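Here it is: the structure, laid out below.
By written order: A, B, C and D. Residues from 1 in each chain.
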Amino acid sequence: MKSKVLAKKDLLKFINKLIKEYDVFAPVKKEEGIVFSKIDKTDDMCLSYSNTKNSVKEFLLPQSEKLFRFAKKENTNEITDLKEKKRRSLLFGVRPCDGKAIAMLDKVFLENIPDAYYKRRRKNTLIIGMACDTPLQTCFCTSVEGGPFSIEGLDALFVELKENYFIIPVTKQCEKLFVHLDNASQEDIKEAEKLKKNAEKRLKPVFEIKDIKEKLDGAFDNPIWEEIHEKCIKCGICTYLCPACHCFDIQDETVGEEGCRVRNWDSCMFPKFTMHASSHNPRATQKERWRQRIMHKFNYLRENTGMYGCVGCGRCVEYCPVNLDIRKVIRDILESK
Amino acid sequence: MNNPYLPIPMIIKNITDETTVKDIKTFELAFLNKEDEKNFSYLPGQFAEISILGSGEAPIGIASSPTEKEILKFTVKWYEKGVVTNALHNLFVGDKIGIRGPFGNSFESKNIKNKSVVVIGGGFAFTTLRSLTTYMIHSHNRNKFENITIIYGARSPDDLIYKKELKEWAERDDIKLYVTVDKGDKDWKGREGFVPTVVEEVAPSAQEASAIICGPPIMIKFTIPKLVELGFSPENILNSLEMRMKCGIGKCGRCNIGNKYVCKDGPIFSLAELNDLPKEY
Amino acid sequence: MKTKKIQDIARKLLKEKKVDVVIGFEKGTLPSSATPCFIRNPDEVDRLIWNSFCGNNLANYLPKRKDKIGIVAKGCDSRSIVVLIQENQIKREQLYIIGIPCDGMTDKNNVLHDYCLICEHKNPVIYDVLVGEKVKENKAQRHPEGLRDTKWQKIEDFEKKSSSDKWKYLESELSKCIRCNACRNACPTCYCKECFIDQEKPRWVGTTNNLSDIIFFHLGRIFHQAGRCTDCGACVRACPMNIDLRQFTQKITKDGETLFDYETGLDIDVKPPFATFKEDDSEDFIK
Amino acid sequence: MNKNSKFRAKIRQPKIIAFLCNWCSYAGADLAGISRLQYPPNVRVIRVPCSGRMNPLYIIRALQHGVDGVLVSGCHPGDCHYITGNYYARRKFAIINSLLQYVGIEKERVHFSWVSASEGGKFAEVIKQVTEDVKKLGPAKKLVKKI
């Protein structure tokens, strides 16, 4: 597929056209910060963002998703499967780190036994990325096999040049969006290449990812776990804002005679996450939970899917109320005996 | 669309109290749709998510054997904190519920055929072992196994579950059954003593044999060394684990032990496999 | 200066084995940040620091601990410690409180937090050793009606709004909530072994991000803070979605002060407002 | 649900939950019944051992699950069967009442009263007044949980 260009002044027109056909989600400036949200008009969109506060996973794996409805009438268990949404969705302005997280979620939810709900949403969603040229202090995508211009998980990637957007189409599905656009010139390609190099240069890896898997294999009983968790306050910020964390809980919600089975995000940081009905808890303290979080992201997922469960977006680093920095944790583990 | 989250509608055909305190009940469920019944093929050791609308789901081992047609049996203990087990214990014959499954691997997946089998169970963890035993002694399958030894222990005679079947099995001469209780009552004429001691005593031959062990952690802890002493290799000591599970298909992320998911890669693990996994269960 | 003193005190405490652990602050991984740390080895006390980013309320780490603890405490931390002692979550004998008069903490842009602006207890109310000189307290002037004007201005303004405006504000704020529970977990006086939102039998609050449930959670939590909240700002600082929780928690504090004449966390020996009563408590709202 | 709300829209009969203490207000309600005092039938009673047993979150929970008004009633101060239960309760009620009004729940949705076992008349009066107040407000919309 050929790279394309779109003049910056034509972007809003382009998005407006998309809004007619798709439910478009893009970064929007709100009171709580810049968040990914549905836009009805291009005015809502805010493209001067480093990264959004929430990740785009909530459009594929919503925080609460109804699995089906049921009526709690006497002696029945009628259930109604929920209907598919007709309009397709399009996520515009996804950062490459979030894109990579989607690639990881795809492995978990689409392989082996596919997850019907995720699959339905995923098939219905186009993801257009926006390359990242102003990384934050908290960013570390290059440390976890990602990059500010990574195309993994995306259907297309926009790169902001001086006057144009340079567009790299990745999958067939999005090709038709760009057919009417001009092909990129050699100069554009060069300019984009240069931006990419510069951005990557600014993001020196903060740890050697190659060593971490091997280290973790033998680190289950490492005394370092005793210390790492100590200041953790057991909240769910890190896991809820994480674009790759995908653990969920299934619960029934009822009001009066009606109810629905829902699945909600859950967090390995919560004490009840693994609690048995018999009150036995295999991960009884925050030590085990932190070990699980690190092991799951950097060891188990790597082994099971070939990808890491961390994409280096830095949200957990930025928003942790006690500054429990995952980068430091990893470095400490690497340095430990 | 093939949706693994939709429960299969079932109806409760029979409820049996296993103990006099009535905290353990066996539910016999029948399929409401013939189609579902045809599609539901399982083997001993597998589990299903029991789904009660309004309360939620809980993973329970299937206690019936595939050789028993038309019904599925689940034996469920009441726990004070268990939302679903509580709701289940409040149901009556004729109530409709749902199940999802079957999930997990089976005992057979661990290469137990054409060998002797030693089944060691404790307390109410005997459920999937009942499934296995019933399966093995069925006339179609009995010749696929060599000697079958069953060792089953509980705290008191009343805590033994499947009392009727134990009686039937005791009368068979193609299996050896040893039932023991920690402490008998005045009517108890059988064995007294802990399971590990009985294992040592009856010393089943480890030659070409698999040991399948399922029970409270303390029993497992003391029985495994005995089995190793007897010469059972770690590959032939099988253990069924339990974990909090929600999805049953390896997505929801809570039942993993190391990189293995109990719902998908288990619940049956050999001791050899467990030795390679972190001790987090 | 203070950093050095804290280090010296901590070193002495640990060397003399007066405490098992010192809870203080160390340099954070981001610029303009400090992070809680646990020091057990006297050789490591050099990690301890003190600056204007030491905003976390360290009392949060105390409930149900069994060891002997040296703890660095600002004014608000010390008040939370008092609450925890009052409510038997920690024993006074377990604690060696390194009190630090506080000039207010700043956010990462070096701006004083707004709860620090109206703070009336900059000096620790309870301590074993004080690091540095006491600072001048900024007691708000008593209003003729008995309310403190500057302190409660925001609350009184809100009280005057119509119910629908109030509700609209509540909804708009709380609809940002992602139910990460950070407000609860960052709060030193939210120490319940099992929070009512985690209870499953019966389930108090639904598990989804249904707005009604979110409001229930926050109202419930705020209500539970009556007589406990010291307005330390831990919840708003922790909230990743910048929810204005203090608009509601302050109301509880104000009611505690105006209805029961009780200011939180000043005296270990005074009973918290819900653990006592007066025969002439106001009851004009009761028919 | 739908059927229910249509029904409610037509006749506008509010649903009110009354939490009555076992020793005074519940007996007061009994007395009102025995004395054949007329009062509106909109109230569903939940008996609690003492007003001190009232977890104030019950009020929020009731509003969340579709009642239009709540009444909490106990013994007069000094008359508590458990000596001081209602004194403690009074403090909790003061705070929750003030908090609910502060966040925008109308004052007339949530009521508190002291009704003794001998005050059948007062009980009928309180119910009448509460029902009227709640009727004026119309069906509760805030806090109502929909799924």
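Here is the rule we use: contacts are C-beta pairs under 8 Å (C-beta built on N, C-alpha and C of every residue); 3 or more make two chains touch, one makes a residue touch a chain.
What you are looking at is a predicted structure, and each value in this text was computed from that prediction instead of being measured.
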*Centre of all protein Cα atoms: which chain's centre is nearest to it?*
A
*asked:* Using the stated contact rule, I'd like to know whether B-C or A-C comes out ahead in C-beta pair count.
replied: A-C
*asked:* For chain B versus chain C, what separation do you get between their C-alpha means, in angstrom?
replied: 50
*When the C-alpha atoms of chain C and chain D are each averaged to a single point, how far apart are the two points in Å?*
34
*Quick one: chain B and chain D, Cα centre-to-centre, how many Å?*
51
_Interface hub residues of chain C, defined as touching at least two other chains_ = 206, 208, 210
_Show the residues in chain A shared as contacts by 2 or more other chains, in ascending order._
249, 251, 253-254, 259
*What are the residue numbers in chain D that touch two or more other chains?*
145-147
*Mind listing the chain C positions that touch chain D in their complex?*
158-159, 163-170, 196, 204, 206, 208, 210, 212-213, 215-216, 219-220, 222-223, 226, 248, 251-252, 255-256, 259-260, 273-274, 277, 279, 281-283, 285-287
_If we count contacts the way the header does, which residues on chain C are in touch with chain A in the complex?_
28-31, 33-38, 56, 60-61, 176, 178-182, 184-186, 198, 206-210, 234, 237-238, 240-243
*Can you list the residues on chain B that touch chain C in the complex?*
80-81, 83, 86
*Can you list the chain D residues touching chain A in their complex?*
1, 4, 65-66, 145-147
*Would you mind writing out the residues of chain C in touch with chain B in their complex?*
200-201, 203
